[in-house]
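Presented sequentially are two complexes of chain A, the first with chain B as partner and the second with chain C.
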Partner chain A sequence: MSGVTSQNTNAEHSELRILGFLCNWCSYGGADTAGVARATQPTDLRIIRVPCSGRVDPLFIAKALFNGADGVLVSGCHPRDCHYSAGNFYARRRLEVLKHFLPILGIDPARFEYTWVSASEGERWKQVVTRFTEQIHALGPAPKFEDSHPLHAMVDMALAPLAPLGTGDPQLLSSVKEAIRKKLPELDCVIGWKEGRDGLHTVPHFIRTEADLEELRIGPFAIHNLATYLPNYKGKKIGILVKGCDAKSVVELLQENLIKREDVFLFALPCQGILDMGRVDQVLGRYQHITSLKTDDKTVTVVADGKEHHFPISQYAPSKCYSCTSRMAQDADMLLGNATQIQGTPQTPPELAMLDAMSLSERMAFWKSAMDRCIRCYACRNSCPMCVCRDYCVSDSRDPHWMSQSDATREKLFFQVIHTLHLAGRCTGCGECQRSCPVGIPILALRQHCARVIRELFSGYEPGTDPKAVPPLLGYQVEEEHIKEREWK
Partner chain B sequence: MRIGVFICHCGSNIGGTVDCAQVAKIAEGFPDVVYSTDPMYTCAEPGQAAIEAAIHEHKLDGVVVASCSPRMHEPTFRRTVARAGLNPYMFEMANIREHVSWIGKDVAANTHKAAELVKLAVAKLRQDHALTSQEFPVKRRVLVIGGGVAGIQAALDCADGGIPVVMVEREPTIGGKMAKLDKTFPTVDCSACILGPKMVDVAQHPNITLYANAEIEDISGYVGNFTVTIRKKTTYVDWSKCTGCGTCTEKCPAKKSFDRFNEGVANTTAITIAFPQAIPKKAVIDPKFCRQLTKGKCGVCAKVCPTGAINYEMKDELITEEVGSIVAATGYDLMDWTVYAEYGGGRYPDVITSLQYERLMNASGPTGGHIVRPSDGKEPKSVVFIQCVGSRDPSIGRPYCSGFCCMYTAKQAILTKDHIPDSQSYVFYMDIRSPGKMYDEFTRRAMEEYGTEYIRGRVSQVYPDGKGQMVVMGMDTLLGRPVEIRADLVVLAVGIEASKGAPALAEKLRISYDHYGFFMESHVKLKPVETNTAGVFLAGVCQGAKDIPASVAQGSAAAAKVLTLFAKDTLQSDPQIAKVDIARCVGCGKCIRTCPYGAIKETVVRNAEKAQVIETMCQGCGVCTSTCPQGAVQLSHATDNQILAEVNALCQA
Partner chain C sequence: MSDYRYLQEQDIPSFLAALRALGNRVLVPTLQKGTKESVVFTPWQEGDPVLVAKATVPAKAAVLPSCETLVTYKKTKNPDNYAETSLTLTETVEAEPTVVFASRPCDAKGIAILDNPYTKGIYKDPYYMAKREKLVVISLTCNSGCETCFCHWVGGGPSSPEGSDILMTEIPAEGTKAYVLQPITAKGKEMLAKSALKDGESVVALMNEARKAAFATLSPKPDLTEAPQKVAACFANLSFWAQETERCISCGACTYFCPTCYCFTITDEGEPTSAQGGRRLRSWDTCMSSLFTREASGHNPRPSKAERMRNRVSHKFATYPENWGIFSCSGCGRCISQCPVGLDIRKIVLHAIAEAGGTVHPPKQEEAKPAKAAPVQAPKLEEVKPAKAAPAPKEDRAEARAEGKQTPSANDTEPARSPAPRRTAKKRGFIKTSLKKSGTRRR
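Now for the complex of A and B:
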């Protein structure tokens, strides 16, 4: 509050920090109309004029709430009455998603409201301002991220899979190699997996010659979602091995015009689960050599520095495997096995279940302690198949300048919010962000929660299932089925 | 950057509840502010001159004015800074009147808030860039939607001014509601006699193309360059052959067709010409009643038509017209008065609307101008007029006054006496609203010279007495007693509503409409003809209730606006549009998908797909900017950085 003198301490002390984003044509006019009518209103609100509610990026609101706003109000033209004909329809979807998203961060969703006020509705504007200001005063000053005591919590991975997990068919590898060998002459490259620093750890494998094929690894070691590489090869003919979950990313990339179907050849692998290398490494601790690696139908057995470790897939899979219902892509160019659709309702992912059980303040405290570990390496972003901005990510940019250079935990979490909201309705839940996090922050929970919001608001929409579908935040319906106007309409 | 800040007192409007000098002093401490002052009236000539002088003296390259709403004076001050050599977009306003001084009396709180709003404006200004307009050519043609008296006036004025006009009328004839009227107040001159020649002028004017029996299908484009698709609804008569001789209407056997022009007070034939003075005077078949079209056999009109104009196979036709400006003059419809059960809800034939009564009085109407009761054809001796049926009634969601009913009711009472000298008229009214020139004198004439009995009060019930008369029960609130009148005929002054389909048309025009469907003007007082969409103007009742003189005046006003717009060969585009940073763009096309105007297209730059904004089509909503994840498309003057600067000015944890 530098620059504003101490003469106004009364106002400063009793007022809360409330921001309003008002569209120029309707709501800003409505606020003017209220002024012309001398309609007395609380003084807390500071109005930012924008051309249209559709211009209000939900991240402006998140930014304000992260940086000390106690409340944020967005107001636009009534639906069907947008000066730009459809801006508020887009706004309605995006702002509704934000409102449902905020609680997972530990922010009370009542600190953000959006509504519609026309240029003629001065009296209504007064009521909206008065009610919202009262609502924020009832909540009191927003808890500050910095003030919360760090809360450490561990994710409980004791989960039952919808169908048994295992290491898969041992005969599969040779038939996969044969299939690739036949197709390879037509392709510039086929992407799979190969041994990394030791037999247990795999890395992506770019197969260009038949000799390369010998190194191919699959089964529980087909860890990475290789779809991440596809947009880089635009214009080339690329074959790619996909698990059921990876295929969703391919579909999403097709949907968003980021790859061309004719440039990609999909080899669909059946999958019975992969290893969660984070937890495997935790068990192994520090070791020098892996002396033996054996795989039976259920378990991977490792001897490291002479000590034997057993990793049953049913206990060491990442959370996505437990709720997997599609173990093999159906819409592929070549099916390398049979995998039936698994019936059943996926359970709440364990990362999300942990957060769901917390109060708002506990969640904020949890994120404070979790994000404090973040080293801003952006591995989460770089491994994300849908992060196609690549070199032009807003986190690295000064124009637009969304992120400061400050090392504050708040800024680190804000990047996760940017990533999650940019992926809203696009994230297929592949978990690469969390897998690649070198400090093991359960950031996938934010995406999982957002995906849950998208499902609830848009009739069970699942990204990555239909290449022809329009992602929900890139469309609208004049009458939204699941978005209800709030009571203070 | 060197910023100057001007905190306007606006007399006592702001100065009364904001310590402007204190705000100016605080503003001195904001980044880049080198000059800060608090003039009394910033928008006045000396105030603007002081801004210009300060720009020169202090070498300012940006100006903040804290005063009234930017919706009011932003254009004024942009011109001011431009006169002093600054780019008009190196200017920001803080609204400390409508949003501060007028909504609270706490001087300390207001001063604090005003200072913060100035801080916000300074923060925004520091991110501003000079923007320049582009010039683009104008199609000097105008579309007039609606051929009532307002539309006719607008069309004739534009046409006389040398502008080609395309007129689209929904009904088979132009003339609108005025063509249905018998006489007009306050002169009691014949409506057809004053409107008829204007209608003929429309038909004969070399600059006017008339599409009657047609509707607007679609409108795209922007000021100076609209593309309009017009649906010519099928008439089943080839108008290029029809001479309007009327032989078909004489011979048509389907004589019980609904007569739209006569408001259903009589029947007509399935093939009709609305009225003798119709423009265009062409026949139209109503497919709901035509025996050939409903039962597949008849064909009488085709047999008798001397020019072979009948074509039962005719289909709707779509026509495209290019225009630079649009005048909406779609008028009104009567509300559905049958919601009022107390007036019989439409069950009694002798309870009619005022517009039906006009047709009964009209010499070219179905009764040849003899006033008779619809039920038995007898001449009514006692006529009760009920005003405000569906006007000023919040209970049915119509709180507004329809404006002209008081006047035409007085006219109808006078004409009733003229037609039937031994008749007695009664008028139930709430208030008499007669503010126009010669208006109050006119209502007095109805009362004093014509002996019309005016009863101030509402009618509680209308019912038949079983002996051929209607019983009208009401309240005389001046005398404070109930009234009961036997009436041969009851005429309801039914309130008006926006023309059916007005909201749908507003959506096509991208203009606003109010709760009742009336189109919204840009400013209630200062821009009553303009809309918020550049190049679209309003005339007549579509904007709000008004009588014939006001409709004609607004028709001419709209024409003046069109002529002003077309006085230049080119228009300046608004530079507040989206721009693509092609380095950042990954060509995913999300902006293309979400743009409400189709103003972004895909282009190929060095073998890579990129988005490209079509500058003349972009309207500046910014949906693309909040859609693009990497921030590659930015709306000029509302960029991410500009809005972030405002957020950061207020929230710096």
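Now for the complex of A and C:
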């Protein structure tokens, strides 16, 4: 074991663990060429041969970095020279997204590079390996997730909305009911909300009869994103009540051909914000009975065990409501009110702003502290409208065994990375994952950062806004607008 | 000196420090800030704040960690003949002396419920037993009921002693918070006797009053005596379960936050031939997952969330009571408050009873508050009254517990459990008939 100790104390001179994913047709050949030419090169790199750089799932890299690799290099054929025509075009998009994503986890993006080396470029391969190895040695051994000191930080929710938040039109409910009543005979079911364990806590509601319809609740109590349920009802004609944010999930499901437009009937609700029940429950604490629940235009007033609590929507909305610019679905089948026009640029969401202000090591420490209390109930995954693998999630897979059953904190964070990367370019930011988390981990920040990366790399692309748009990671351009060629040498 | 001890809020750290000095790991509820606050049991160290709030995650992990290593194994090859390998297995039964401080009676009862399958069945689980034997549970009795709590529905109460070694009750004190500590088991008695805490005899009457007052706050409860039969009778009625679970999203929050859920999965990880070797892990599993019952062939006997929730509710309210005489539910209500879509197991059980033509005899308003009518009694330690934890005990029993009549009994180290109903012929017969009718295989 003495070797290990000397490695740690004498990092500059000893080998680090660098992993290379090389395309069989070009870069692996390039490495061979360098070898045959007896080129002198560092020996830190451990090579894994893959059929194409397009085969490299960003999770390979994330898993390597989470499990002790000090650096990861991916190398494939030059763009326009792929053995399979387009594999590296897809790879380029994915890997670029990953490179921009890593810092939010507290991982230095310089620990991961991707480049292109052809089979004849032995000399270039030598340069790439030397440069990358030097780069990793300059960074030193990767900081271990386990070694971080706990850092507990809280999201600052004192926010100003782009347009006033409130409880909405009190007359709206009766007109919504009337509209649904007319349409109900043509539909198998209409999904809305109803009272749950008490008047304050609502639950998703499946309306089939007139009696069901009477129980409908909307306004600040339209908490859940009901689009999550849509793929369950294949072949049925389903009506669904959507807020502006929920409609994006429906559009994204349409974009990905996961539901059929003709099977869905969208009732668009005008929304002025909903309650963040996590924070409401925190204020209420332990109570036995809600004896009164009143709603005026701005505030929900609750009397619990004789104590009065006021919840102005402007102070108790989830973070997504403050930067919302689309409060009502536009291309719905039935508009149940008038949309508020919203001017202004959305601010950085508070969860993300908190992480942006941190250094890399602080971020790693933050995630360590936050994910430590995760018990992997997967409420985040199952409430996500875009998580459509359902019973066949990669995190449950035993072969390949992607995720360890070990309850190590990094494994828990690794799942969040899997979820986020699978949502890259698809997540509409509805925040169901964070709302569902029983232990209040700000996991939405990861998705928000990823969405920001997608916006930057793909000309402001917003998932769930255009039913005909192809999600960015499902396509490519031969010449990418915002991605450098990474002729990295 | 009596067996009772008196503890003021400012003395909690020194009490915990003394427990640590004896070599215990002391798990206390700590506040974790996030998008919403949660309370999690963490090992206490000198200087750490202590919060006596009800934890978001129960203390179940003290006896059943979310993941533990069962064995490590290593395969070595004979250098002279590589075809020859030898396997070394190392059993890793690990248990650290642990004190759970300020859990709630529902959490403690959860452990008592886990004790049945893990320590009293045909096979005793050495990993669980080792941890259980070294565990002392100090439960803080609740001051009031709560909207999602229903401990009194399932035979518990805000001060029920099952699973606890020491019960701790907050009593009114001037300018500070103060607690009375009542030993329940021999282990608890010994721990208190060894402690430097003051005698609490003078405040036992206050303790009883506090417990009575807490009991009086509980909402009226339905009578769940018929629940095991009625829930079982709904087994073949899949449309009922489909309707009840329509909004379920099949996550595992209800099971992972449950103090009584004890299912696990076993995974072998690591290369047995590597330097580190392989290890066999046991980790929590959830019956809400499709993978829980998916067979190697791909066939799944519980293909939809309706079957899965049916299993969960039936296990808690029908099959476990059939085996062990108590519900596998301590009424902590976490599955209700933690559910992302607000599923309510209370309603499912009540609906199942109604669906099967049963009644729950909702009590009249005056019956619901028995504690007010009953006179305050000082606990009599001589009066040995072993706990009978049959499904849905009558009010007076729960009340007796609230008064602290529950005493260290012959069952000192064992949590209370019903001596009687273990797979009675009548109940078995009932299940069989219902199976015949439905023709469904039952797991």
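Keep this in mind: the second predicted complex is superposed on the first by the 471 of 489 C-alpha atoms of A that agree within 3 Å, B and C clash if a C-alpha of one lies under 4 Å from a C-alpha of the other, contacts with A are read in each partner's own complex, and residues count from 1 in each chain.
Just so we're on the same page, a contact is a pair of C-beta atoms (placed from the backbone, for glycine too) under 8 Å apart; a residue touches a chain by one contact, two chains touch by 3 or more.
Just so you know, these numbers come straight off a predicted model, no measurement behind them.
In the superposed model, A:206 makes contact with chain C only, not with chain B.
Chain A has more of its residues touched by B than by the other of chain B and chain C. Touch criterion met: A:379 reaches chain C, while chain B stays clear of it.
In the superposition on chain A, A:401 makes contact with both chain B and chain C. In the superposition on chain A, A:66 makes contact with chain B only, not with chain C.
Of the two partner chains placed by superposition, only chain B is touched by A:40; chain C is not. In the superposition on chain A, A:256 makes contact with chain B only, not with chain C.
When the shared chain is aligned, chain C comes close enough to touch A:437, but chain B does not. Once chain A of one complex is fitted onto chain A of the other, the partner contacts of A:452 are absent, as it touches neither chain B nor chain C.
Judged by the touch definition given at the top, the superposed model places A:224 against chain C, while chain B stays out of reach. Shared contact residues of chain A with chain B and chain C: 390, 401.
For chain C in complex with chain A, the residues that touch the partner chain are 32-38, 40, 54, 56-57, 65-67, 144-148, 217, 219, 246-247, 249-253, 255-257, 265, 267, 269, 281, 283-284, 286, 289-291, 294, 336-338, 340-344. Here chain B touches chain A in the complex through residues 22, 26, 29-30, 69-72, 95, 97-100, 102-106, 108-113, 115-117, 119-120, 503, 507, 510, 512-514, 520, 532-533, 576, 583-584, 586-590, 593-594, 596-597, 607, 609, 619-623, 625-627, 629-632, 634-635, 638-641, 643-644, 646-648, 650-653, going by the rule given at the top. The residues of chain A lying in touch with chain C in their complex are 152-155, 196-198, 201-206, 224, 228-229, 278-279, 281-282, 286-290, 351, 370, 373, 375-379, 381-383, 390-391, 396, 398, 401, 404-407, 432, 434-442, 444. By the touch criterion stated above, chain A contacts chain B in their complex at residues 2-5, 7-8, 10-12, 15, 17, 19, 24-26, 28-29, 31-32, 34-36, 38-43, 46-52, 54-58, 60, 63-64, 66-69, 77, 80-81, 83-87, 90, 94, 118-120, 126, 144-146, 231, 235, 256-258, 388-390, 392-394, 397, 399-402, 410, 422, 470, 473-475.
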